[in-house]
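Two complexes come next, and they have one chain in common, subunit A, joined by subunit B in the first and subunit C in the second.
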Partner chain A sequence: MSTAVIRLRRRLRRRGIGLLRVYVALLLLFLFLPLAVLIVFSFSASGQLRFPITGLSLRWYREVFATSAVTSGILASLEVAVVTGAIVATVGTLAAVVVQRYPFRGSGVVTGVILAPAALPGLVIGIALLNFFGDLHLTLSLMTVTVGHVIYTLPYFYLVLSARLRRFDPALEEAATDMGAGPVQRFRLVTAPLIAPAIVASAFVVLALSWDEFQITFFTIGDQSTLPLVIWSRARLSIDPSVNAIGTLMVAGSLLVVLFTRRFIAESYT
Partner chain B sequence: MTEPRTPVTARSEPEAPEAPARGNAPPPGQRVAVGLDAVAKRFATQVALHPLSLAVAEGEFVTLLGPSGCGKTTLLRIVAGLEIPDEGTVSIFGADVTDRPANKRPVNLVFQRVTLFPHLTVAENVGFGPRLRRVPKAQAAEKVRAALELVRLPDFGGRRVTELSGGQAQRVALARAIANDPQVLLLDEPLSALDLEIRRQLQAELKEIHRRLGLTFVYVTHDQEEAMSMSDRVVVMREGRIEQVGSPVEIYRRPQSAFVARFLGMSNVVEATVTAAAGDWLELGGAGLPLRAPVPASAPAAGQRVTVVIRPDSFEITPALPGQAAGGDVAGEVTDVRFIGSLVHYRVAAGSRDWQVSARAGSAEILPEGAAVQLTWRPDEVIVMTEPGRSGS
Partner chain C sequence: MGIGQGVLIPARRGRLRQPARAGRPRWSLLLLLPVGIALSLGFVLPLALLFVKSFETSLGYGQVSGHLTFSSYVTAVTSPLYRTVAVNALEIGGIGTVVTLLLSYPLAFFIRFRLRRGQNTILLLIMISLFAGYIVKIYAWTTILGTYGVINTGLERIGLISQPLSVLLFSKIAVLIVVTYLSIPVSVLILVGSMQNVDRALLENARDLGAGGLRAVTSVLVPLSATGIVGSLAYGFVVISGDYITPQLVGGTTGQMIGVPISDQFLNIGDQPLGSALSFLMLAVFILVYFGLSRLERFKGV
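What follows is the complex of A and B.
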């Protein structure tokens, strides 16, 4: 190949990288501009959603925390998220360990059943659960919401943990056995410490998903609302700038969880 | 080649390779460390091990040698308790452990892959066994120190295992196994992933550790050089069967099958017919060279097809000098030369085929390709086998 062709290719590649940069920048702008607008307006001094904002203030945050519906919504969301996380972490860990490490006839079906809700629209899950709870004559409450969230978040937990378990070298467990560890000691001293970071990371993913889940919650909620439902009911009545403050708080919460998760994933052993 | 304390069996009679159970016992008067009796194993439809028996003496260094898929690792894992045999019994120092799970057997395994626990330090890894057995802290620390000293990593206790090189990791794995005070140490190709130089060094160290501890070692490898240089006895395996058992010297000097001969790097394996049997000697035809050989135990009759092996070092090669065609010499031509330092490997066309000939390089002249040469060989080093001409790998 002549040097001229090689040089041309290099120039094209350089130009290609330049175009790629512009494309990525536009994509990120498109994705995050609405969020940026939301955050900026949450600090606006005026009640008008008009740009540019005329002054900075924390009045909407003060208003939010003075509204009992919002604070109780935050508490309800936290309660649902934490209980969901605990249940999913327990059930999901056991299921993933059994299917990945001790596959049995029909373990593929188990995986399918666990993953199915991820493929279903939240709307369908919500309606199905509403009918189901109705048939059982259950009073809708945060408990029924939690059941919905468990079904919805389990697939994500299961997928993340299964990926970690697939990278787990079974020879490590054999080595522990060879050193004299019984099944319980082996799990306690080798398997559990090695997969714990992945369990924690997956549990944080569950917290983040549950924290802002709307569709399933909408159908299964009782008289106590979670934060997303509080926002929805307020935004439906009027465009109240305090919604921006709540939205910013939610983004901050999710970001914190993501940062935590990244730390745990970075610490997990490969 | 062998150590003074080596319990080499003084078995001189070659035997049929189809009877693997015979001759697999250690010399009398020695305690049996590992006893395998008619052990067989299959995976799904695949037979991993045909029923085979083997006894390893206390303090012996026994190597299971064979190509991949011959069942050597399966056999080792059966001793460790990580595989359960379908038939037969496994005993360790006389105690039947066939039904005992791996964690209750007094043996430890050094794996081919690095199996150090990544969440523990080097010292915590080495102290894993003593910790499980609730050895008092001070005593356990002493065991860890001694084991790390033995593998020449005395200052590595505080390191993370993820910071170790491949060679260091296998040393720590060895220390971890030794610190658990096993009665038998099992090693499953522990050096196969390492660079040649480190492998050589660790081979020497392993042998030294074996000598110092007096512990029984069962070692698995596919590297014949490794097996020959380290072991008291070598067990050559093929397709789930034991092909031959013997000291490295025995196996090298008297391979009992074409497979063993080829696996040990003897490439001159040819078919021949016995033309005459006279006293202690056989006359052989059809091998491409006029061959004479000592009568083997199987005593083939005239007219029988046999396999003949001549080791490359049984030949002597000299430049052909005009007017010096001595009796018994065969004229040939060098068709390939490979110089590997202390030895020169020649391929020589003589008679009706090519022969692999190795000669000490020393200060002798290295013959060029195309050189006319004379080949001589010692008839008593020509090996005759009566097995049906199985073609080894």
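What follows is the complex of A and C.
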């Protein structure tokens, strides 16, 4: 190849990378435009969503906390997320460890059933549970919401944890057996400490998904609303700029949480 | 057929796995009992009961009798009302899913292969946009697309339009924009995950052998990241065409999808058998789509 061709190709390549950079910047702009709009309008003095805003105020933030609806929504969401996380982490870890370490005939079917809820829209899981709880004459509450969240988050927990378990060296467990450890002792002294960080990281995924879940919750909620349901009741009925203030607080909150847990996130992608 | 078959058709993953180790404790299957109970009571049984419900008879005002019939399925298939929203769901789901993939793939490529530092920063930014709140983000789009919203005012200021574009909000376009927006972050994460195992050197080899940048991506990276592509398409299609909230908030009359009438049947005095029948017809379409996508993955993977 002549040097001219190589030089031309190199220049085209550089231009391609330049175009890619511009594209990435535009796409990130698209992803963050709504968040920027949310933040700007949350400080608007006006009750109308006209652009550009005409004055600054904190009235929408005062309105957020004027009633206890948002605060109790946050508490309800936290309660559901934590209980869901605890149940999914227990049930999901047992399943992932058994299928990963001791594959048996039919373990593919087990995996398939565990992952199946992720292949269905939240709507179908929601109405199926509503119908089921109705048949049982159960009163809808945060407990019925939690059932839905467990089913919804289990596939993701199982996927994330299994991917991590695959990286552990089974020789460590075999060494424990060779040194005379029974199955319980081996799990307590070798397996559990090895996989604990992976369980914590996978449980974070569950918390995040549960925190923002709406589509199933909509059908399984009782008197007490979770935060997404509180936001829905405000966003649906009329123009209520306090939604912008709630959204800004949520963005700030997720920023803090993501920064706090970045070590786990970074680990799962590198 | 014959000997060649085993080579041409990849064995299913399960068969390649090594057999169970002899050291497996007999009681280990008992550890699957909790997950079995949770899934049978929380998922399999409710779904089965919903399936039964789809054959029951509605007496109106939310009442149902146990008389079994196909009439809900007949209504679901023949009523033009449901056909329109079903077609909308397929159309918005199909277009939204493909657009999501096309928009996400270059970003995933950039994150995986073009960034040496700062990879985690972009991933964190995407996580933040993901966790900012589902309803909140849809609501923000009403502020952007509304009559006096960011886009209309912006376009008027620079003189491109003299009257606000009313088609922007409460329309099919609005639904399409919002659902695409909502599914990009997860799609990017799925794609980056599938590219993690692709060796950077493979792309450079393709270049050295004379393939242009784009050619190297399409002929080397795309087949190797087929799992992520199929995952992104499957995820997007289910999440988008099963969405019953976005159409209610930004869809107006033209942007409604099948999820909205399904959810309506389960509120107050709806026709639950009809809602159940509609949702199982929707699931049947999803199964067909999954089947098609798994064929696509195998085709690309070989």
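Following the convention adopted for this analysis, the second predicted complex is superposed on the first by the 240 of 270 C-alpha atoms of A that agree within 3 Å, B and C clash if a C-alpha of one lies under 4 Å from a C-alpha of the other, contacts with A are read in each partner's own complex, and residues count from 1 in each chain.
Please note the rule applied: a contact is a pair of C-beta atoms (placed from the backbone, for glycine too) under 8 Å apart; a residue touches a chain by one contact, two chains touch by 3 or more.
This is a predicted model, so every value here is computed, not measured.
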First, second, both or neither for A:T177, with subunit B first and subunit C second: both
Touched partner set for A:P193, first subunit B, second subunit C, both or neither: first
Touched partner set for A:P155, first subunit B, second subunit C, both or neither: neither
Which superposed partner A:G108 touches (first subunit B, second subunit C, both, neither): second
Most subunit A residues touched (candidates subunit B, subunit C): C
A:Q185 touches, of subunit B and subunit C: first, second, both or neither? first
Which of subunit B and subunit C A:Y23 touches, first, second, both or neither: second
First (subunit B), second (subunit C), both or neither touched by A:V251: second
Subunit B and subunit C contact sites that coincide on subunit A, given as residue numbers: 174, 177, 269
Residues of subunit A defined as touching subunit B within the complex: 169, 171-172, 174-182, 185-186, 189-190, 193-194, 269
Subunit B residues touching subunit A - in the complex, by the definition given at the top: 80-82, 101-104, 107-109, 111, 113, 115-119, 128-129, 132-133, 162, 176, 180
For the subunit A and subunit C complex, residues of the former touching the latter: 9, 12-13, 16-17, 20-21, 23-24, 27-28, 30-35, 37-38, 41, 48-52, 87, 90-92, 94-95, 97-98, 102-104, 107-108, 110, 113-114, 116-117, 119-132, 135, 147-148, 150-151, 154, 174, 177, 183, 208, 211-212, 214-215, 218-219, 228, 231-232, 235-236, 243-244, 246-247, 250-251, 254-255, 257-259, 262, 265-266, 269-270
Contact footprint of subunit A on subunit C as seen in their complex: 12-14, 17-18, 20-21, 23-25, 28-29, 31-32, 34-35, 38-39, 42-47, 49-50, 53, 103, 106-107, 109-110, 114, 119-120, 122-129, 131-144, 146, 148-150, 153-154, 181, 184-185, 192-193, 196, 212-214, 234, 238-239, 241-245, 248-249, 259, 262-263, 266, 272, 275-276, 279, 282-283, 286, 290
